[in-house]
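Report on one structure; see the data block that follows.
Naming follows writing order (A, B and C), and every chain is counted from residue 1.
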Amino acid sequence: MLKLINISKNYNPGSVNEICLFQNFNFTVEDGAFVSVVGSNGSGKTSMLNLICGSIGTDYGSIMVNNEDITRQKGYIRHRRIGRVYQDPAKGTCPSMTILENMSLADNKGKPFHLGRGVSKGKIEDYKVLLRSLNLGLEDKMNIQVGSLSGGQRQALALLMASMTPIDFLILDEHTAALDPKTAERIMELTEYIVSEKHITTIMVTHNLRYAVEYGSRLVMMHEGKIILDESGEKKKLIQTGEIMDLFNKISVECGN
Amino acid sequence: MALLLSVLEQGMIYGILALGVYITYKILDFPDLTVDGSFPFGAALSVRMIGEWGLPAVLTLPAAFFGGVLVGMCTGIIHVKLKVRDLLSGIVMMTGLYTINLWVAGTGYVPIFNKETIFDNEMVNSIVPSYLFQFKNVVIIFLITMAAKYLLDWYLRTKSGFLLRAVGDNDTLVTSLGVDKGLVKIVGLSIANGLVSLSGCLYAQQQRSFEISIGTGAVAIGLASVIIGTSLLRKITLIRVTSSVIIGSIIYKACIALAMYAGVSANAIKLITAVLFLIILVIGMDKKRR
Amino acid sequence: MLLLSGIEMEEEKKDMIKKVSVLMMVVITMVMILAGCGSKEGYSIGISQFAVHGSLDNCREGFLAGLAEEGFVEGDNLTIEYVNAQADAGTAALTASNFVTKKVDLICAIATPSASTAYNATMNTNIPVVYTAVTDPVAAGLANEDKTSVGNVTGTSDVLAVEEQLGMIRRILPDAEKIGIIYNTSEANSVSAIADYKEKAGAYGFEIVESGVTAMSEVSLAAADLVNKVDCITNLTDNTVVSALQTVLDEANKKNIPVFGSEVEQVRAGCVASMGLEYYELGKQTGKMAAKILKGEVQASALEFEIITEPSLYVNTAAAEKIGLILADSFVENAYECFDEIVVE
């Protein structure tokens, strides 16, 4: 379970360029939930993800994971129990290494990277099985450099790599935004499949309102660092894309966008 | 024959340097100028050990390597912890090392003509028959170079080595894997400068002297070797990258030696090197830009 | 379709070029192996000179003259290959290695870095090395403390006449207290010369103020700084500083401070005076040693290195005039050679 408690964060405090990101922001995610987060640019969605992952720190407040205070924990240490997929397919994989090598790397997350063999021969079959579930034919290309794969294939691989080891959360940062509609659809199906198979608590930031409505058990809309809509369970299932769109436009107009 | 042997000896010694430059330049994507300082550092340390301290020559190899590792660690710490840009960290180290190398060696020129070196000592001289003496150097250098190469190849296939390869390509991924990317960079810089320093140690013993200016331009020679090797030999899949880098170094030295043999003036050699470099870069241009 | 095949052709062409280049390398290697074989008429000498400046050039000319006097004339029975390393140690090493490949009969090395690289390259061969303008052959590892040779190497040393120079400066500047010396910290010959000067300066009532540089580009700043602190400057046989002599002279002239050279070329170029060596004579002496070795009369290993024992006084009255320094007539008359104009090449 994730809890963000009374988070406050300002950029450039005390100067002319001071931006208030969050003020007494609270957010809780229950285990097993699949939360979709939407909002306009600058609403704080990505900043919230960065706060959770440790890329930016808080000024005040705390972050608790399963009742453990991780506010002061360094970014890379938090990532041991987090899987993160970025918008840019290039960020989730290593282009100069092969698919097999990438998967071996991801498989070692959370464990020490010492002088043992990079690729465990015994695990190759396991990786093949995992790749087969993607239905992209990648299991036959395990020795090909990732750099030569298409954006969609790389993102699928990134998703797989992020969820290979046991993790507390899966953080999806607009992970379909850079893909064409058909590939985006595939990746969302894949996401749904992986999340339900492994029961991973997921937070997905997206600009695609339809995905936010169709996928996940909870819908959150953010605006200027605050949550203005938070529906889950039965109520969430009843929401239509059109409603969200209207709310979205209403806020945008208020801001003068 | 003497020319060929000289080219092979120099080519392989600088080949080890090229391996170090390969790690920082190609794998870590970090242009490391520390090399101009760590190459003479290994040389200075080895002449001090052999000359003034009178230690057995074989100890200079691990000493130079671990000395270089320390040097690389300093560069890494300056870059990672003090957040100094890659090029500048190298320049800071290179400058400081000038003084340090003078201290370590004693003065700017230290001859060790009549001391035992790794090539010329009781054990080696007793094993090798005197009519094969002219091949002593090249064989020993070959063995050391191959050892360095195979160790590096092995390392790049370990988990730690994978991280090294990842950090130059996509350091975000390294953080996503739960690893401190700064630490990985420091490790990479350490290993690279360890190799460079080892190369300097061999050079000093082959030249039987230390001269403070041998570091100037070392990184350029290393880069030239790396680029020549990787560009020309890329399509030949039988050859591993590490081997191609060493071969590149030998080719580079061969071209220079040949130019000099053909009577080209020493001044013109640098310009010719630049032109040669350019031709090779264009021929082997990397089309796969990410 | 056409475009695709066009690109394919490009790739094929590039592949061909690569294969050809690799093949070329192999051929070149073969050529190198065969390079060692060959014969020539008469004797061949490789001259490896470290840098371009007057003293070293004089050495070389003297060397050739000394050889000629003993019957080895260039063009007749002697071929000379002369390579100047332009103050780069790597080039000096390459040059020496090159000479060994060409199997020259003797290597003449001018200045310490050339001498040590030549000695290293010839260690496992029969080629003798005769050096000149090496200030401290013992420190360079080319000779033992008792002057005997360490191997197939011998030559002449241009050790500085420190006592005589100090005495001369005292005569010219009776009231001077501080002598400045600029030197390259990485030239071993300079480091030992500085120590020598410091040891002996006290007896003449002088204090030595040293200024170390690491490259020729730093000499200008060092000189500009030093001239404010001293009464005069004296030179060592430091290759870096001597190559940048004009810079030192410019700065010193601004403050009307005399610069004393270490040999005749420097005086000719504008130094006020010097108790120096005649590098031409030194070279000649070297040439004669080389001739003996070539004739087979003696091995290089059997010859002790030689020095010139009597320094000579050189004076440049024009230089003195320029800074308003008056030299006593009796002093000038005693000079071995007196220049009345400044010759800048």
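The rule we apply is simple: a contact is a pair of C-beta atoms (placed from the backbone, for glycine too) under 8 Å apart; a residue touches a chain by one contact, two chains touch by 3 or more.
Being a predicted model, the structure only gives us computed values, none of them experimental.
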Most centrally placed chain - per-chain CA mean versus overall CA mean: B
Chain whose average C-alpha position is farthest from chain C's own: A
Euclidean distance of C-alpha centroids - chain A vs chain B, Å: 43
Gap in Å, rounded to a whole number, between the CA centres of chain C and chain A: 69
Centre-of-Cα separation between chain C and chain B, whole angstrom: 30
Overlap residues in chain B, where contacts from two or more other chains coincide: none
Contacting residues of chain A [partner chain B, same complex]: 74-77, 79-80, 83-84, 86, 90-97, 101, 104-106, 108-110, 113-119, 147, 162
In the complex, chain B residues that touch chain C: 1-4, 6-7, 98, 102, 107-114, 133-134, 207-209, 211-214, 217, 232-233, 235, 251, 254, 256-258, 260-261, 266-267, 269, 283-284
Interfacial residue positions of chain C with respect to chain B in the complex: 14-15, 17-18, 21-22, 25, 28-29, 31-33, 35-36, 83-86, 88-91, 93-95, 97-98, 100-102, 112-113, 116-117, 119-120, 123-125, 139-142, 150-151, 184-188, 191, 214
Residue ranges of chain B touching chain A (in the complex, touch as defined): 155, 157-163, 165-166, 169-170, 172-181, 288, 290
